[in-house]
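The chains carry the letters A, B, C and D, assigned in the order they are written, with residues numbered from 1 in each.
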Amino acid sequence: MMVTKAAPAPAPESVGNGGRLASLVVRGADATGIVAAVSSVLSGHGANIVSLDQYSDDPQGGAFFQRTVFDLDGLQAALPVLRAAFDVELVKRYDLSYTLRDLSVPKRVAIFASKSDHCLLDLLWRHRRGQLPVSVSMVISNHPDAADAVHGFGVPFFHVPSMGTDKSAAETEHLRLLRDNVDFVVLARYMQILSGGFIERVGVPIINVHHSFLPAFVGAGPYAKAKERGVKLVGATAHYVTEDLDEGPIIEQDVVRVSHADTAADLARRGADVERAVLSRAVLWHAEDRVVRHGNHTIVFS
Amino acid sequence: MMVTKAAPAPAPESVGNGGRLASLVVRGADATGIVAAVSSVLSGHGANIVSLDQYSDDPQGGAFFQRTVFDLDGLQAALPVLRAAFDVELVKRYDLSYTLRDLSVPKRVAIFASKSDHCLLDLLWRHRRGQLPVSVSMVISNHPDAADAVHGFGVPFFHVPSMGTDKSAAETEHLRLLRDNVDFVVLARYMQILSGGFIERVGVPIINVHHSFLPAFVGAGPYAKAKERGVKLVGATAHYVTEDLDEGPIIEQDVVRVSHADTAADLARRGADVERAVLSRAVLWHAEDRVVRHGNHTIVFS
Amino acid sequence: MMVTKAAPAPAPESVGNGGRLASLVVRGADATGIVAAVSSVLSGHGANIVSLDQYSDDPQGGAFFQRTVFDLDGLQAALPVLRAAFDVELVKRYDLSYTLRDLSVPKRVAIFASKSDHCLLDLLWRHRRGQLPVSVSMVISNHPDAADAVHGFGVPFFHVPSMGTDKSAAETEHLRLLRDNVDFVVLARYMQILSGGFIERVGVPIINVHHSFLPAFVGAGPYAKAKERGVKLVGATAHYVTEDLDEGPIIEQDVVRVSHADTAADLARRGADVERAVLSRAVLWHAEDRVVRHGNHTIVFS
Amino acid sequence: MMVTKAAPAPAPESVGNGGRLASLVVRGADATGIVAAVSSVLSGHGANIVSLDQYSDDPQGGAFFQRTVFDLDGLQAALPVLRAAFDVELVKRYDLSYTLRDLSVPKRVAIFASKSDHCLLDLLWRHRRGQLPVSVSMVISNHPDAADAVHGFGVPFFHVPSMGTDKSAAETEHLRLLRDNVDFVVLARYMQILSGGFIERVGVPIINVHHSFLPAFVGAGPYAKAKERGVKLVGATAHYVTEDLDEGPIIEQDVVRVSHADTAADLARRGADVERAVLSRAVLWHAEDRVVRHGNHTIVFS
């Protein structure tokens, strides 16, 4: 059971909305009038704002972020028109950047896994229940074990072995499978290191999950070390992958309480429960354009 | 320790903002263009939006609510001008109602208490630490016990006995003390029933807190009954007072875990911890115009 | 995500213990010397105490409860000897009752379900992962929908329709299927009322789960009513079934935080997450003899 | 609000028990028969066991720990007799060590503080409310600011300046004040480093609290660094002080959820809330003999 509560747990906005919902994410230097500019364009085209969140990191930085979900009859036809308007009102006038996305088109994801399948199966299960508005393009694993389970969910499974220190053959195969097929990648306890070159060439965001003791207990057997140290909490962190593998922008974190009576195996099992919960929330929020990267941290709109 | 976590715990926006921040709360029937109307007026007068939350209960009801906090140099001088503009743009054009408030002027509160002082002292303590942006006008109690403690916080204390079933003398005295002196009232475990007439005549919102087993375990000794029933959670609910005393719109709720080993006294003590936490959050949010009443429920902007 | 944390989450003691572990649960009137009597018998037979929890409801009632798990080489052969010793030392000497159980023999359970399969599948999934030390004898449903999913777990599935108000034909079939085959029954969102006669004749404990607003929001559509009332928490309660269907001894409860922005459907979805978590914990604890019924409440040894 | 829940929150057993309760903590190598030996001695002297918890770290280590609280009429007179019995039954027979303590005699504590007084005042407040079964012998601070507040609680306050890198004068004064006057020391956000010599000479346990990002964000301004990194949780750790200042055995940890919208000051404020909650639990548990140090971790009996 999770230690933490009330994590923002938005319903998947894009599920069953009849193709009328879009998300607009705006970012740039804060200035007076941006909210007015966005909302004027939208109301001028008959769109109704369903949710609007904005954040400015003033007075520290002056960066502005806004996520707006709106409802519009005839959305698909209107998107080019809206883009033209935003190019003028946001890009030219305020020097902002933006992304505008039809929420009825789910993002395509590839899930990477290894032997441990708790995160993988949790994602597939939630997806089947309509709780994850993504399209799961494929599962890639360096172990063949999960093939049957994945096929049971109707999802393509590719076994790509990755032994030794030279990962270039495996990564070439990964890139071939992923090219043009996915919008983001999820490392669901994928236990192989990705090269900086791969991260660059894959060209889409990669979400990873790891135990949250880091930088303590690095390397193998973190839970045995945590047991030794007598920790009272174990947790997990989901983050975007950068070249500093476990140091990328944090999307979500959570913990559970443990006690002296928990063995190292118990800690690992409790940790696995948190990992799957944390990762599924990070994937949901990414899928719904709720997460904006900025420097080495994120803004997560609830 | 609270069972629940991540309750929205906003910093007091109005503390030490140099008199530049105001809150605008808008409500009425949802329509396309309201966000644009608000933000255009604000940007047109040079105000920068610090936070903006909106909620529409579509498709259930069609009611729209928006809370905007903005920053404006020369706020006090600009308020009448902004009001004139909102009267046109919101009231006339969209038939909405609104409140606009200078956040540097704290709301004035009277706290009612009885023998149990845990909620009373928690509020006074948080206030002294700058965590509650209110002005505590007075404490009123039907017991004299807390007088010294309250005076220690530099707050006026009035002992108004309230024995028997006829509360009219006490309520007359209450109304005399409160008139023109307070913007809201907090019942911090005040154990006397308020008459419907009092609630009407006092003319300001009243916030109450009660154990959250209701409608179970009504009447005296709820924790003894809860112990009998073997509950595994005890909790508290803060709400606005209506004539149906404990049935008014809920502002906040929370719970803590208990076990068979807790005595009825333990349950009461744990319950008291939740009560003070829940009540202080409700008071903070009310003080910052985060809570909007609608029908028999509330919108609480985080 | 659960609001609550640190719910006692014991590892399944009986999994993979090599047939050396047994549980002893003792109950009766409190007296000086009981712990000594139990531990003397155990140490006298070479058994090592792995965990020992005791609880006395003094000064309220004078009832005593103790759960002891011990490790003994040659357990199966020693059980009759231990029983003979406890019959003397506990039953004759202290007038206590006890149960002694080889933890390597899992309790056999039948799961009843209806259309909603979230609790059912969660139990089956946890069981497959080795987290529920039970033997799932069968699933019984009044709907045929879950047959394939259940068969996928290698578990027998029986469709027993239960239409109309006369449940006697269905209950006769239930009793035929259950007789001598199960040690307890779990109602995993089984939406049919069980007759008092059935509860008596089935002769084994029945565990149920329901939303925890009760006694508020009785009847159909509880989440719509909760939405109307603006609750900030939704929760679930797992309990033993008595003739007062939803009033039996509580085993476990939990809640999650919700907000005004959650629709009634969101509340139902969040409620379902709590239901499955709460029910699986109740089943685990029952399977491990951690739960002792006493009057209308339970002692749950962590 | 705390992220975590259901932290074991035992009532102070020693408050108002009429001088009949004692705690016995036993430790040593695990062996068959220890529980029987303890409980036989107790029942042989007419003592009734109120709570009994035991833990063995088998199969990892073979160390055994047991905490027993018992109720005995004429406790003070019986203590020497019981000690004599335990010296035979536990020390001679099993080579165990033990402590036996009259719970009606509260442990004496000195609280060290610096400028930040949130932990200090929380401890004093809880103590005044009867929630901390200790005797507060004195408060020592390197700042004079808190003198009035501490005197308001009827507790002696000593201002011991501690400037520069040579702490020997201050530590000499500390030792003079503490000698024979305290059973343990609590560092309630005391921001001066203690020398290894001091820790050794003071001869009583020292409890400290620090933010729980460590080993990340060492040094000054941890919350600014955490803000930069975009953490989603902030927390605190209470632990016994060893020469490796922040690496001693952990007693308790907790966290709260934060978001991108929290400023570094917000993080610090939320962190302070956790610090005082975590520290007060650690002090309570230490005061009630619930915490046993073993290697670099603790057993905390709930």
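Convention: contacts are C-beta pairs under 8 Å (C-beta built on N, C-alpha and C of every residue); 3 or more make two chains touch, one makes a residue touch a chain.
No experiment lies behind these values; they were computed from the predicted model shown.
Look at the CA centroids: the one farthest from the centroid of subunit D belongs to A. Both copies, subunit C and subunit D, contribute mostly matching positions to the interface they share, with over half of the numbers common to the two. A count of contacting C-beta pairs for A-B and for A-D identifies A-D as the more extensively joined pair.
Per the C-alpha superposition, subunit B sits rotated 180 degrees relative to subunit D, a value rounded to a multiple of 5. Spacing of subunit A relative to subunit B, judged by their CA centroids, is 36 angstrom. Rounded to whole angstrom, the centroid-to-centroid distance between subunit A and subunit D, based on C-alpha atoms, equals 41 Å. Counting partner chains per residue, subunit C has residues 3-7, 254, 257, 261, 263, 302 touching two or more of them. Considering their complex, residues 3-8, 30, 32-33, 35-36, 39-40, 42-44, 46-54, 56, 58, 302 of subunit B touch subunit A. Within the complex, the subunit D residues that touch subunit A are 3-7, 55, 60, 212, 214-216, 227-233, 235, 249-255, 257, 259-261, 263, 295-300, 302.
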